[in-house]
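In the two assemblies presented below, subunit A is common to both, partnered first by subunit B and then by subunit C.
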Partner chain A sequence: MISLIRSINSNEDYKKRLILFLKIFIALISGIITILWIILDKAELPNQIFKMIVGVWIMGLALLSIPTPRKEKLPQIFSLVEIIVISCLWLFVEVESKGVEIFMQNGSLTLVNGLAFSMLLFLMTSGFFLIFGLADIINFAHGAFFMLGGFMGYEVYLLSESFLITIPFLGNDPVLLSFICFIFGLIGATIILGLIGIGIEVTTIRRLFRKPISQILLTVGFLYIILQLTEIIWGPAIFTYNYVSGSQTGIFWLPRSAILDLGGGMRFEIYRIFLILFGLVIAIGMFLVLSRTRIGLIITAGIEDPEMVNALGIDTKRVFTLVFATGAAMAGLAGAVAVPQVNASLDVAGNYLIYAFIIVVIGGAHFGRFAGTFWASIIVGLSHTFCQFFYPGLESIILFLILLAILTFKPGGLTGEPM
Partner chain B sequence: MVTHTNSNKNKQKQSIITKISDLISANQVSISVITVLYLLPLLTNSELSPLRGFINLLSGFMIAGIFALSFDLQLGRTGLLNFGQAAFFGIGAYVTVWCLDPILPSPLGDILNLIPFPLTLVAAIFAGMVVGIVMGATTNRMKGTAFAFIALAIAMLVLEFMELKENLAISGGESGLSVTRPFLLTNWIVYMLMVLFVIFILSLFVILVVKDTRERFAFLFLNFRPRRSAFSYSEKERISSTRVTTSWIIGVAVFILLLILVVPNILDMYLFATDIWFKIPILYWLILTSVLAVYIFVKRLTISPFGRVLSAIAQNEDRVKALGYNTFYYKILSVTISGGIGALAGSLYTVNNINVSTPETFGIGQAINAMLYTILGGLGTLLGPFVGAVLIEFSEWRMVRFLWTFSIDGQWWLVFLGIIYIFIILFFPYGIVGSLQLRSRSLKTRIREGWFNIRETDYWWLTLISLVLILALMLDLENIMKRIVEIFEQIFSLFP
Partner chain C sequence: MNLLEVNDIHVYIQSFYILHGISFFVPEGKTTVLLGRNGSGKTTAMRAILGLNPPRKGEIIYKGVNIAHLPTHKIVQRGVGYVPDTRRIIKSLTVEQNLEIALRKGSKTYDERLSEIFELFPDFERFLGQKAGSLSGGQQQMLAVSRALINDNDLLLIDEPTEGLSPLLAKNVLKTLHAIKEKRKTVLLVEQNFAAAKSVGDYYYIFDDGKIAHNGKMETLVDDHELISRYLGVNV
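Presenting the complex of A and B:
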C-alpha cells in the first residue's frame, strides 16, 4: 500500500492517468447503479442500500466541481450528462407514479419551503462567515445568538405592544399594531444582539486575537452561559406567535393559515414568501455594502488576505469589532424573523450551529467569497427540504454526504482557494 | 575464559540492579503518584463508603482523560483539528458491546463473541484503527477547517447509519444497549492478583523511601560519614558507603505500616464481599493500568523520530515535504494511532457504564468534550488533557452542590462553568499545564533559591502530599467549603 502511494507520488504522469481513470470509473459505476436502482424500483431494495446509492450519486455530482485542465474535461462532461440523465429518469419515475399535477404541487411547495429555509439559513450564516473569514474564529456561540434573537424579538414585540396600544388609531387596528410591533421586534433583536456582540468582543475575544484554538473554548463558554441564562429567564417553554401568551390583543398580523392560492393546487404560506423576499433584500443589501463601501471592501480584502490588509496600514482588530457585532446582530435578526416559522426554543441553538458549520465550509471558508455562502445556503436549504418531503429520514444524512462529496474534490469549498 | 564470562555475568547482573535503582531514582515523582493512585481501592472494605463512589468517579475521569489524550495526539502534535473524534469513541464502545454480549446481533455475526474479555479491548483498538485509516485516507490532503469538517461528516455518517430504523437491533437507539458484565470483573481471584500487583508497586515505593532516607539521614546509621556534596561520589560508592541493614529495617517498617493500613480491608473483602463489590476496584485498576500504558506509549512516541516528524508537520508542512518526508503517510498514521487510543477509551467506557447509546457515544457532544478537555489542560502537553478532563468532569459533577453552599440556586451551574472556562482561558491562553510550563523555569528557580530552598529530591514527597490533599479536597469539597464559610461568618459576626 505504502509503496504504491510512494510510486504514485514519484510519478506525476502516472498519477494523473490514475486520477482520470478513477474519475471515469466512479462516474460510470455510480451511473450504472443508479439506473439499475430506478429500473428495479426502490421498494425492492432495502433502505440502507438505497441510501448508499444516493451517496454514490452525489459523488458523481461532485465530479462536476473538480477543477481540471482542458485535457481532462472528459469525466466532467461524462458525469454532467449522467446527472442530467439520472435527474430526467427520476423525474419520469416520480411523474409516472404520482401523476403530473401532484408532482407539480409537491415540487413547487417544496421549492418555496426550501427557498424560505435557505434564506433563513443565509441570514444566520452570513455573520458566522464574516467572523470566521476575518479572524479564523469558529464561533460556537453563534447558534446561541440565533436562539437569543428569537427570544429578544418576542420580548420587544410584547413591550412595544404594551406601549403602542395606548395610541388610539393603533389601538383600534390590532393587525397594523401587530405588524408595527413585529418590525420593532426585529430591530430591537438586531440592536440588542449587536450590543451583546460588541460587549463579548471588547471584553474577551480581543485579548485572544489570532489564537483560534483558545477562542473555541471561549465561545463554548459563552454558548453555555447564554443557553443556561435563557433557560433560567424564560424556562424550557417554546414561544410561538400563534398564541402570544403575554399579548393584550392576542392577534398576530399574519395567522399561520394565511395562504396564497395560485390555483391548480399550488398553495403557499404567505410568511414563507415574505421570508424569501426579506432574505433577498438583506442579501442584496449586504452584497452592495461589501462591494461598494470602503469598510465593506476592507472586510472583503481582510477575508482574502488579512496580513496584506494589515500591511497597508489598516487595523484589522478594530474592523473585527465591527464585524463581530454585525455577525451577532445578523444572527439576532435571523432568529427574530425565524420565530413565526421555527418557534423560539432551546433546541434551536445546537441544530442551527451545525447548519452554519456545513454552509460555511461548503461555501468556502478561508479566502472564500460572500457569494459562496449564499449559494451554499441555497444548496443546503433546498436539499434538506426536498429530502424531508420526498425521502423522509434521509434529510439529516444528505447534508453530510454533500459536505463530504464537495470537500473531497474541492477542499477549499465552492469559492475557496484550491489546495 | 571461564573467569572472564563469570565477570561478564556479574557485570550484567550489577548493571540490571543499578538500572532498576537508577530507574527508581529517576522517576521518584511518578512512582509516588502511581503508588497513591493504585493504593486507593485498598482503603475501602466491603461496606458502602464515600471513597468507593469516589473511586468509581475517578475511573470515569480517567476514561475522559484517555479520550482527550487521543484528541491531543492529533491537534497538539500533528496540528489536525478533528471534529470527528466521537466516531472512534463510539466504534470502540459498540465493538465492545458486540463482543461482550452473545445475545445481541452484531454486524460481523458470531465471530465477535468468540473474543474473551480482556482481548475485547484489543479488538476495539483495532476497530478504531480501521476507522482511523479510513478517516485519514480521505482527509489526508486537507488542512485546518476542511479536515475538521470532513472528519465531522464521516462521524455524522456513522452516527446516522447507527440511528437508522433497520439498525436499531445493533445500536439500541436512544435508550441504548445494556451489556452483561464480564465475569472477570466480579471475581475475587482477579482481585487478589491485582492486590499482589499493588503490593509489588508498594515495594517499589518502599525502595524509593529507603534510598531517599539513606541519603537524607545518613548520620542516623551506624557507619556515620560526613555528608558530602552530591557531585563528589558516584551512585555505587553511595550504596557501598552506608550499611544496608539499618536502612532496610526502616524500609520494612514502612512497608508493614502500609500493609497494616491495607490488610484488614483485603481480609474483609475476601470474607464478606459478594461478587458485585469487586467490580469497582478491579475496573479502577484496569483503567488506571491502561491510562499508564497509553501515557507511556504516547510519551515514547513523541520523543521518537516519528513524533518529531509529526510536530514538524504541525509547524510547517511544506518544509517537511521539502525535506523529503511523505507527510501524507505520517498524517494517516497519526490519525490511525489516535483512533486506536480513542477506541480504547470508548471500550473502557462501555465496561464502566454497562449501558451504551448512540447519541452519548457518537454524538457531537463527545467530540466537543474532548476538545474542551484538551484546550483547557494545554495543547501538546501530555499531562494537560488529563488535568483538563479531571477539572471539567469534576466541576460538572460538583458544581450544583458547590453553589448550594453559597446559597445560590443550582440551575446557575452551567453559567458558572462557562464563566470559569472564560477566565481560565483568558489568564492561561495556552491551557493550564501549557501556560504553567512556559513559566515553570522561573517558578522553579524562585522556589529553589528564593522561597523554600527545595531540591530535586524533595519533589516526590511534596507531590505525594499535594496529591493526597487534592484527593481529600475532591472527596469532601463542600464540607470543607462549609467550614470555611462558617469561619468567615464567625469572623464577620465579631465586627458588628
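Presenting the complex of A and C:
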C-alpha cells in the first residue's frame, strides 16, 4: 500500500491513469446501481438502500464537473450519457408509478420551493463568500448575523408599524402598512447588521489580519455572544409573521396561506416566488456591482491578490472593512427576508452556517468567483429540497455527499483553485 | 539629485534577518540596477521600499520624506509604480479592467494615458477586452509594465522583467525598458540577466547575502570581469 502511494506521488503519469480509472469505475458503478435501483424500485426495496444508491448516483453527477484534458474526454461523455439515460429512466418510473399529473404537481412544487430556498441560501452566503474570499476570514459569526437580521427585521417591522399606523391612509389599509413596514424591516436589518459588521471589523478583526486561528476563535466568540445576547433580549421565542405578536393589526402582507393557483394542482406559496425574484434581483445587482464598478473590480481583484491590489495604491484595509460590513449587511438582509419562511429563532444561526460552509466550498472558496457561490446555492438548495420531497431523510446526507464528491474530484470547487 | 535614498535599512521576514543595513541611492531620471545572485535580498529591498516588508530600522527617503513606515498604498500614491517579478496581473479581470483598477487621479485623462501605452505597445489595443489570464507570458509582462505606466509615476520599481521569458520576448521587454529610459523616467530595476542590466543601467548595486558588496557606474562594472564572475556567476 505504502509503495502504491509512493508510486502515485512519484509518477505523475501513473497518478493520472489511476484517477482516470477511478472516474470510469465510479461512473460505471453508479450507473449500474442506479439502473438496478430503478428496476427494483417497484419491488419496494427498503428505503435505506435507496438512499445509499441515490448517493452513488450523485457521485456520478459530480463526475460531470471534472475538467479533463482533451485526451480524457471519454469519462465525461460517458457520465453525460449515463446521466441523461438515468434521468429519463427515473422520469419514466416516476411518471409511470404516480401518473403525469401528480408528477407535474410534485416536480413543479419542489422546483419552486427549491429555488426559493436556493435564493435564501445565496443571499446569506454571498456575504460569507466575499469576506472569506477577500480577507481570508472564516467568519463563524455569519450564521449569527443571519439570525440577528431576522430578529432586527422583526423589531423594525413592529417599531415602524407603531409609528406608521397613526398615518390615516396607512392605518386604514393594514396590508399596505404591513408591506411598507416589512420593507423598512429589511432596510433596518441590513443597516444595523452593516454597522455591527463595521464595528466588529474595525475594533477586532483588523488586528488579527493573517492570523487564521485567532480569527476563528474570535468569530466563534462573537457567535456565542450574539446568541446569548439574543436569548437574553428576546428569550427562546420563535418569531413568525404568521402570528405577528405585538402587532397592532395582526396582518402580514403576504402570509404563507397566500397561494398562486395555476390549475392542475399546481399551487405555489406566493412568498416563495417573491423570494426567488428578490434573490435574483439582488444577485444581478451584486453581479453588476462586482463586474462593472471600480469598487467591484477592486473587490474581485482583492480576492485574487490582495497584496498586489495594495501595491497599486489601494487602501485594502478600507476595502476589507467595506466588504466585511457588506457581508454582515447581506446576512442581515437575508435573515430579515427569511423570517416569513423560516421564522426567527436561535436555531437558524448554526443550521445556516453549515449551509454557508458547504456552498462556499462547492462554489470555490480559494480564488473562487461570485458566480460559483450563486450556482452552488442553486445546487445545494435544489438537491436538498428534491431529496426532502422525493426521498425524505436523505436531505441531511445529500449535501455532504455532494461535498465529498467535489472535494475528491474538484478540490477547488466549481470556480476556485485547490488550497 | 537623488529621488530615492535608502539609508541603513534592516529588514526581517518573520524571524529571518534578510537585509543587514543596506544603503543605496536612486538618482532622478536614471536607471539604477540591483544585481546579485538569487536570495541575495534584491526583491526584499524593493518590497521594503514599497512598505510590503517595512524595515525595522533605517530610513527610506523619497522626494525628501521618510516613507519607511508609511502603509503601502500611501507610498504608491506618492508616485511609485511597481512591476513585480511574477507579474501578478489579475487573471480574472480583463486587460482594460486591470488598467482601470490601477488608475489613480492625475493630470492626464484615462484616454491620454492609454494612447501613451499604445505608443509603447502597439499590439495592446487588440487585447483590451481579453481576460488577463488568457494572455501569453510576454503579453502578461506588457500588462504588468503598462499597469505601472498608466499613472504619472515618478519612480518605477521593476523586478526581474525578463524572468521566465523566451530570448525573443526578453528582447522586446528590453526594448520597452529603453523606451522608458528615453522618457527620462527614474527606474530602480532588479535584473538577473546581466546583458539586459548593462544595456539599460546607469548605476549598479551588487547585493550579496543581504549586504551591498559593490556599487558604482554601470560602465565601470562592464569592464570588471572578476567582479562580475565572483558576484553574479557570469563569465564575460
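In this text, the second predicted complex is superposed on the first by the 401 of 419 C-alpha atoms of A that agree within 3 Å, B and C clash if a C-alpha of one lies under 4 Å from a C-alpha of the other, contacts with A are read in each partner's own complex, and residues count from 1 in each chain.
Rule of thumb we're sticking to: contacts are C-beta pairs under 8 Å (C-beta built on N, C-alpha and C of every residue); 3 or more make two chains touch, one makes a residue touch a chain.
Remember, it's a predicted structure, so these values are computed and weren't measured experimentally.
A.B. asks: Consider subunit A as the common anchor and indicate whether subunit B and subunit C clash or fit when overlaid.
C.D. replies: fit
A.B. asks: Have a look at where A:Ala116 lands relative to subunit B and subunit C in the superposition and call it first, second, both or neither.
C.D. replies: Neither partner.
A.B. asks: Contact-wise, after the overlay, does A:Leu297 reach subunit B, subunit C, both or neither (first, second, both, neither)?
C.D. replies: Only subunit C; A:Leu297 stays clear of subunit B.
A.B. asks: Tell me the angle subtended at the Cα centre of subunit A by the Cα centres of subunit B and subunit C, rounded to the nearest 10 °.
C.D. replies: That angle rounds to 80 degrees.
A.B. asks: Could you let me know whether more residues of subunit A are touched by subunit B or by subunit C?
C.D. replies: Counting residues of subunit A touched by each partner, the higher count goes to B.
A.B. asks: Would you check which partner chain A:Ile225 touches, where first means subunit B only, second means subunit C only, and both and neither mean what they say?
C.D. replies: In the superposition, A:Ile225 touches subunit B alone.
A.B. asks: Touching A:Thr204 in the superposition: subunit B (first), subunit C (second), both, neither?
C.D. replies: Touch partner of A:Thr204: subunit B, not subunit C.
A.B. asks: Taking the superposition on A as described, I'd like to know which of subunit B and subunit C A:Ala338 touches: first, second, both or neither.
C.D. replies: neither
A.B. asks: Return first, second, both or neither, reflecting whether A:Ala311 touches subunit B, subunit C, both chains, or no partner chain.
C.D. replies: A:Ala311 sits against subunit C, while subunit B stays out of touch.
A.B. asks: Under the stated touch criterion, which partner chain does A:Leu193 make contact with: subunit B (first), subunit C (second), both, or neither?
C.D. replies: neither
A.B. asks: Check the superposed model and tell me the shortest C-alpha distance between subunit B and subunit C, rounded to whole Å.
C.D. replies: Minimum C-alpha separation, subunit B to subunit C, in the superposed model is 11 Å.
A.B. asks: Okay, in this complex, where on subunit C does subunit A touch?
C.D. replies: Going through subunit C, the ones touching subunit A are 50, 52, 71-73, 76-77, 82, 84, 88, 90-93, 97-98, 100-102, 104, 147, 151.
A.B. asks: Can you list the subunit B residues touching subunit A in their complex?
C.D. replies: The contact residues of subunit B facing subunit A are 75, 81, 138, 141-146, 149-150, 152-154, 156-157, 160-161, 164-167, 326, 328-329, 364, 368, 371-372, 375-376, 379, 411-415, 417-422, 424-426, 429-430.
A.B. asks: Help me check something: in the complex, which residues belonging to subunit A touch subunit C?
C.D. replies: Touch list, subunit A to subunit C: 294, 297-298, 300-301, 304-305, 307-317, 367, 369.
A.B. asks: Inside the complex, what are the residues of subunit A that reach subunit B?
C.D. replies: Subunit A residues touching subunit B: 2, 5-6, 9, 46-48, 51, 138, 140, 204, 207-208, 211, 213-214, 216-218, 220-225, 227-229, 231-232, 354, 357-358, 361, 365-366, 393, 396-397, 400-401, 403-404, 407-408, 411-413, 419.
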